[in-house]
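Got a structure for you, questions after.
So that you can tell them apart, the chains are marked A, B and C in the order they are listed, and the count of residues begins at 1 in each.
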Amino acid sequence: MTVLERIQSRGTLLTHGLLGVLFIVAVGVVIWLLDSVNGFIVYQLSSVTYIAIAAAGLTVLTGQNGQLSLGHGALMAIGAYTTALVLKTFTDLNPAIVMVASILVTAVASIVVGAAAARLRGPYLAGATLGLAVGLPGVAIRFSSVFHGDQGLTVPALSSPDALSDVPAEVWLAWVGLIPAAVTFVLLANLLKTRYGRDFRAIREDEVASALHGIRVSRTQVIAFVLSGACAGLAGSLMAYTSNLAAPGSFPLTLSLQLLAAIVIGGLGTLPGAVWGSLVIVFAPDWIGTLNDAMKLPSNVRDELPLALFGVVFIVAMLAFPYGIQGGLRRLIAWRAGRRRAAAAQA
Amino acid sequence: MLEVEDLRVTYGGVTALDGIKLSVPDKGITAVLGPNGAGKSTLLKTIAGLVKPDAGRISFRGASLLGVAPEAIVRRGISMVPEGGGVIRELTVDENLRVVQPKKRQGPDGKSAGKSGIDEVMELFPPLAARRHNAAHSLSGGERQMLAVGRALVSRADLLLLDEPSLGLAPKFVTLIMQTVRKLCVERNISVLLVEQNARSALSIADQAMLLSAGRTIAARAAGDLAKNEELWHAYLGY
Amino acid sequence: MNYFIVLTLTGIAAGMIYSALALALVLIWRATRIVNFAQGAMAMTTTYIALAVIRATDNYWLGFVAALLAGLVLGAIAERFLVRWVETGPPLNAVILTLGLFLILEGVVPMIWGAQIQSFPAPFSIAATQVGDTFIALSHFNLFTIGLVLLVMLAMLVFFRFTAIGLQMRASAFAPDIARLLGVRVGRLLSLGWGIASLTGAIAGLLVAPTLLLYPSNMDSILVYGFTAAVLGGLDSPVGALVGGLAIGMALSYIGGYLGGDLESIGALVILIGILMVRPQGIFVHSAERRA
């Protein structure tokens, strides 16, 4: 028995947990090394950590459960504002506690939206979450005595502990982001292996059949939405720490659509895909900027190009995989399983 | 008029039709008989363009129908009454008839064909006339089948594909429908491909018949001959 | 004039616009069981086209007609070349596709015309109407809005009830496979249906821009209001879209007037959630509740 097999026999949570720790250490070292080469990339990597958390939540909802949310950007705003407000009152509160508070508040908001939309699913959840994305910034502006209107609330920067005072600020920020990201991915990967994960997928495939098999469809869908919303709340909290700000302008409708783009690019339905998609979302504007420098595009074209290209990605992905990227993935898996079987037969 | 050769149809690995050959003459009734699951409906659907065959040829008046859309096949003069009638429940009787796009006529009388066709249907099936402006979902089973057959008439088709027009009807209505089909066939000089569970009544009006089982042609001969062949009856139609 | 009455009247005028967008959503939902989340972006695009034509010709009505034609063409093209390929797949794919269209339009329009806020002309005065000594909250443009949307609704009713093409479109929407067997060219009618819906949306775009101004995301909130109105009306019913739009228009007008204009959008969400909780099938659907 190899070490890995022995660990695996102790349960998936442990396996995933160990993998998570390894991942944190490995990426943490890479980030440190990278910082001496290019500090800005490290700053962007901390954006990747929170985008990936939100995208992972959306993966559970959309990829695994087949429901669409256009409001995850707004749910991130709830997390970010919670963080800002909590820190306004308790300035030195431990970030872990602040993040948990943000998760809880966002989860409660998700229950309200999700429970209503679960009555009739499909386009209703998409429409309701669209309403959230469009409507929420107005609340911050209307109640500006609390939320400071368009300016938004500032969030104090995270400072590294004295023992690690040599660590540059952006590296510390990226490290701090890695931990909740890894925890989120480990817990979600684990959850998708449990009965809940199976129920999510069963409902995605066939709601009626799932109901006949005794799955409580509405309840399960609300659970998926709330779980996914909780991830967005955590992501928003981390985003507030990263940008030192919670302001309505940071959470436009297009943020929600970018998150959707991340999971479409990454291959709707897989957690690793959410990571790849988030990397693309965060770095694509830079690449397009480089492209633009070469081609000397006018500024209004350059500014809009990333979003328009995400739109093209949506359409190409849907047309190239008429039965869903899920279907494409499933076919790929079947094909690989077939090859493996063929290889085994040969051996 | 219609030639089918070596037709093979599969549904995701399940073979429904396997090497069917069929020749439908310019006029007269061809009955297609066979047990449940024999592939009768599949045959009609494939001719109507709803199901794509894996192999084989279908030609209508010398022109191939393969790859032609269902709506275009109707316009060439083939009209199908699907199993269960397929009336549009949300529309009224009148609308169900009016929505039919009649076969294109060369002559100048083409325009009025639809309108007079509807009046003809009303004369033919008096119960429908009484319910002309009621929604189709409020019709009884028999009225629904009348509407379905009536719709095929409005289309002015030269070839009617009827899938179990007597499904679920009381004997009285079965006779009415069968007599109507026969009358139409004679008066309008058209050809009918009639799928039926009710073998006896189908054979009583048919000119020729084919027997399908498990996707293969078991027999194809004059209707009278088939009616007399006890062996085939026992083996495939279960009498 | 009594503040409440003022709010009611302006709410009715705004509600008519939401009705028009709701009608566009309903027409597409009936034909293809898809909620077109690009409807607002398409209306925004056709309004920019109208503005370009108005500036070039100095004639509002030429721009008006151009927007309607552009809507017709844009909708038909979207159905024929994009939506057609996902109609039979999972509904999620169709929604993501319309969102792709949304992003492309909201990205490409500012590339052509810039992202800045622009004013848009109205064919009639947008100032309150004066009768004798009293001012009535409705402007001439409001009256034009109400009349135009009612006219569109009436035209749709006549079209779907009394014309052969309208009948074929209804048949295609109810039972596409059966309609095909009756010789109806379902594909073409779907394109036409999307075209007509987008034309209706284009009208909403033209009516929004004079008061709310024109910029690439100016229809985002209107899309939410239109969707809420459509859901209130049952998503399947054109009459429901009209009544739903009026109800939402008045409700949001009260919210804006008494609680603050910034809360209108979130107010629409609260109403939407309320409807989904209390009467998810909407107020105008007689058939059993539909699931998407």
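The working rule: a contact is a pair of C-beta atoms (placed from the backbone, for glycine too) under 8 Å apart; a residue touches a chain by one contact, two chains touch by 3 or more.
The structure displayed is predicted, hence computed values, not measured ones.
S.K.: Find the most central chain, measuring centrality by the gap between its CA centroid and the centroid of all protein CA atoms shown.
M.R.: C
S.K.: Farthest from chain A in C-alpha centre terms, which chain would that be?
M.R.: B
S.K.: Go ahead and note the Å separation of the Cα centroids belonging to chain B and chain C.
M.R.: 43
S.K.: Any idea how many Å lie between the Cα centroids of chain A and chain B?
M.R.: 56
S.K.: Report, in whole Å, the distance between the mean C-alpha point of chain A and the mean C-alpha point of chain C.
M.R.: The answer is 32 Å.
S.K.: Name the residues of chain A that each touch 2 or more other chains.
M.R.: Residue numbers touching two or more other chains: none in chain A.
S.K.: Considering the complex alone, what residue numbers of chain A touch chain C?
M.R.: 62, 66, 68, 70, 112-113, 115-117, 119-124, 126-128, 130-132, 134-136, 138-139, 141-142, 207, 252-254, 257, 260, 264, 300-301, 303-305, 307-315, 317-319, 321-324
S.K.: In the complex of these two chains, what residues of chain C are touching chain B?
M.R.: Spelled out, the residues of chain C in touch with chain B are 164, 167-168, 170-171, 174-175, 177-186.
S.K.: Given the complex with chain A, which residues does chain C contribute to the contact?
M.R.: Interface residues on the chain C side: 29, 34-35, 37, 82, 85-86, 88-97, 99-108, 110-111, 114-115, 217, 220-221, 223-224, 227-228, 231, 259-260, 262-269, 272-274, 276-277, 280-281, 289, 291-292.
S.K.: Under the definition above, what is the set of chain B residues touching chain C in their complex?
M.R.: Checking each residue of chain B against chain C gives 48, 50, 69-71, 74-75, 79-80, 82, 86-91, 95, 98-103, 151, 155.
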